[in-house]
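You will see chain A twice below: alongside chain B first, and alongside chain C after that.
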Partner chain A sequence: MWLRPIPEPDARVPGHMDVLLPRRSHQPPALNWREALFNPLTLTLVFAALIASVIGTAWAQDGTPGQASIPSVLLKWTPLLAQGFGYNILISVLSMAVGTLLGVLLGILQVSPVFVIRKFAWLVTQFFRNAPWLVLLFYAILLIPFQVTIFGVTMPFPGWLKAVIGLSLPVMAYMSEYVRGAIQSVPSGQWESAESLGFSRGQTMRMVILPQTVKRILPNWMNLYAVLTMATPLVSIIGVDDIMGYTRSALSAEGRPDVLIPMYLYVLCWFFIYCYPISLMTSRLERRYSVKL
Partner chain B sequence: MAMTDVKWTADQPIVSLKDVRKSYGSVPVLNGISLDIMKGEVICIIGPSGSGKSTLIRCINALNDIQGGSILVEGLEVHDPKLDKLALRKKVGMVFQQYNLFPHKTALQNVMMAPVKVLKENPAEVEKRARELIRKVRLEGKENSYPGELSGGQQQRVAIARSLAMRPDIMLFDEVTAALDPETVKEVLVTIKDLAAEGMTCILVTHEMGFAREVADHIYFTDKGVIVEHGPPAGFFANPTDPRTRQFLSQVL
Partner chain C sequence: METVETFFQWLRQSYGIKITIGYDAWDRAQFLAGLWTTVKLSVLSIIFSLIVGVIGAFAQGSKYLILRAPIGIFVTFFRNTPPLVQLYFFFFALGSVLRVTTETGGSAPMVSAFSWAVISLSLFAGALNTEIFRSGIEAVPKSTLEASESLGFTRFQTYLYVVLPLALRISLPSLGTNLVNLVKTTSLAYAIAVPELLYAAAQIWSEQLNVREMMTVLLLTYILLVAVLVWILGRWEKALRIPGYGV
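And then the complex of A and B:
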């Protein structure tokens, strides 16, 4: 996945190819440029500098009388943007929950001993994994009625809920593949020993196989969540309230072209601050598990 | 309708194979195996690699199905497609070459899991029994270790205890020492010997000829899916009659 930094072998880890290196006890370790660039501290500093410079230049140009400064404009709209961002988070969390649940089920069906079920699950997985997310969102809006009647009770089906369903479909498909891969990576001896102890297939799956797949799936799952969160602005295209829609409203209310770039940069920062720690945690987990297994 | 509840009495063979045939696709692996094992007997199956030893004992446990012949375990018709597999697995325990412990569970949990989850026995009682079994395989103090923290020999002994926790009447061992260091082979063999001495019916596939000679009541030599020769260890090792047996023994002894 495109989010995940490739773990670099660290030459300074004791024992790692130490024999091949001359002893350099007083020399500082050679600086790996890639490592330095992707350092969390460096990245955060770069971002902070970027924001500061944008705000700084905006301030410097702020000579027109009767106009509020750009930082104060950003500050003014912050509560609205925060509310919009809240919707993005809500949609991402709900889609992730629904998609994960369906994806695990679909992944299990993908290893079903019944040929027809296995093929069907495979087809569904491939279909949704290779569909553009925006198109799926359009279909969710078009195909799901605006209200549903269950057991005689009519409930409205708001746009944001449709968006949740639309976004949960690709999440389901990705999860399904992760789960299938992880199940198949468990040695077949686990199935056999469970079978010889009298466990049924379902029991084996639940108590023996799936618990062993968690470690393997977790980094992918977190990565998927970050990707999903960054895809949530798509819902603004289909008219669901989110940070993008609110930003547009704010911009048109201000009617100032000079606020355009700072405001969108501000939105980017919101996403970065939310998603970057997730991707950091993901790569840390990945490194830990790749060492242990 | 198959007769699945034939009364079995201790004077009949506890395991009885008649002309068992098995192939993987079009490749024949077992070509008519017949053998009878009485309760409390220890038999060893030896033979060259690929001769079908693993396949044979997996068939006894219904991990593999067979295409011909019959297998009776305490009167249960194992070859019957309508076999009650759970009933069979309560009678037959199996230990594998690669231990196959559940890596996400501690030694104690590994031993307790099947009786609690499969047989729905009282966890407190199962725990008592599990601790006893762990003591019996000489792993006291390792109850809370995960398989990854145990040596191969220790893991294999947990696997034996795990199988015994189901209180089987028959134990199958498939080259259980083949993946172990020479020093740890002995601790596992001692455990098996204890079991045999207590009267457990054991079917062992092994490459440890010295051990086979020592514990077995009967040795079966298989080659290319048939039993070439069998007999009590003394005679079997001293005067093998078939040239294939002689050749095999000259290579491994």
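And then the complex of A and C:
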């Protein structure tokens, strides 16, 4: 007994007793977003990436006089790359919006009481979830007509719009699975009490169940957005303008083999700087929400 | 074989559905070669990504920062950049530097496109595997480690004989998801002209102009490949199950 000093009674802890110390939860303190984004680790990584691109330079340089230095070459093409990256972001945001909307609907259909609808929704989900993204993109690009006629008006169907559709298909399928899992994880008591209060099935879904699933889906949803953003360079393969296409144009315009490594590293850094904060926030949210379940 | 070919011929003549790989020997050979390349690419990438994951997770648990930090940077960087850009970086950027002079005086790439695809995909999936194994290792109970320590195991022996077998079983479900994704990602090799499934299919549909049919065959083939992998992983998971160990 004398080995360990008896702690002073702690007035701040309710229910404190001398014989039984209260159980303290060991939750890590939640960080605010500023600390989450700008912590030393993040900054170190970003700088390491940037420095690596400069070192890669010196290593690959032939030392021919009269040539522009590599950082200045990168700087020269930055506006073009930024424009391309803007297209990537635009495509990712649009695909995410379309995919989320369709995915929530499909996910609700997956828990439908009607057997046929349920099975059909499951089949669609599995099909698009297990097909490679690139193949789905090809599907969208080659099989959607390049112009559509609605009410006698012929409208062109541009490639980037098809790319948005092609990328939203897998997003829809993943989203559908998340929604199904989240709906099924809501305790059945919620359904029963809503029913006893006279809610119809649709009302229960809309007002009781879906609001509760948001919290569970959010980390997965953000992760999915990061994955989608990292899939957007695929559109360059099928000829839609984006940062990869512009990078290759810039490289062929320069025609210098020593720019290759720094340029690709530079593009990798662009994506890293955009995606890393998202994945940090995701893991933060995951950790915070996982305690309460 | 004869009857199958007759069937596909009949399908083409009666309905205009041109599944050329059904009756054209050349197309079929091309398609099967593509399928074989995809299988080889997948198997090699899976094996190497598992090796990268095991080594990475071991290094992440090290007490030396000098070992932990590079692995941490590698994992974070590869997880948060697009696999396609990584592939381009390896193939176009590093591939242009790593060249050897042939006997005839020309310059030839030291590493083939196929090998770059394997390297790039293994590193990408390996970074994710590292994270998966690490969380599996963290889930191994401390008392098990203490028990193995008290039996006189070194840190490496503990890792090899105690931690890894348990961690593997714990991380098997998420590992499965990642490996399925890896098989799907092998289609990226199309971009650097590795003659895999998508590439072979694209060759066929640009020659025969049967995009719709080939596309459907292609999608179904990929889904079949994934289904086979999921089946194997399911069997593996069942075989490795420890009775009484709650996972």
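By our rule, the second predicted complex is superposed on the first by the 234 of 293 C-alpha atoms of A that agree within 3 Å, B and C clash if a C-alpha of one lies under 4 Å from a C-alpha of the other, contacts with A are read in each partner's own complex, and residues count from 1 in each chain.
Criterion: a contact is a pair of C-beta atoms (placed from the backbone, for glycine too) under 8 Å apart; a residue touches a chain by one contact, two chains touch by 3 or more.
The model shown is predicted, which means the values in this text are computed figures rather than measured ones.
With the C-alpha superposition on chain A as described, chain C and chain B fit side by side in the combined arrangement. In the superposition on chain A, A:218 makes contact with neither chain B nor chain C.
Of the two partners, chain B and chain C, it is C that touches more residues of chain A. Shared-chain residue A:101: touches no atom of chain B or chain C. Of the two partner chains placed around the shared chain by superposition, neither chain B nor chain C is touched by A:281. Within the superposed three-chain model, A:198 lies in touch with chain B and out of touch with chain C [touch as defined at top]. In the superposition on chain A, A:133 contacts chain C only, with no contact to chain B.
Of the two partner chains placed around the shared chain by superposition, chain B is the only one that A:208 touches, whereas chain C remains out of contact. The superposed three-chain arrangement places the nearest Cα atoms of chain B and chain C 27 Å from each other.
By the touch criterion given at the top, residues 73, 76-77, 79-86, 88-89, 92-94, 96-97, 180, 184-188, 190-191, 198, 202, 211-212, 215, 218-219, 222-223, 226-227 of chain C touch chain A in their complex. Note for the complex: chain B touches chain A at residues 61, 63, 85-86, 89-90, 92-94, 96, 98, 100-104, 113-114, 117-119, 159, 162-163, 166.
Residues 45, 48-49, 60, 127, 130-136, 138-139, 142-143, 226, 229-234, 236-237, 244, 251, 257, 260-261, 263-265, 267-268, 271-272, 275-276, 279 of chain A touch chain C in their complex.
Across the interface of their complex, chain B is touched by residues 187, 189-190, 192-199, 203, 207-208, 211-212 of chain A.
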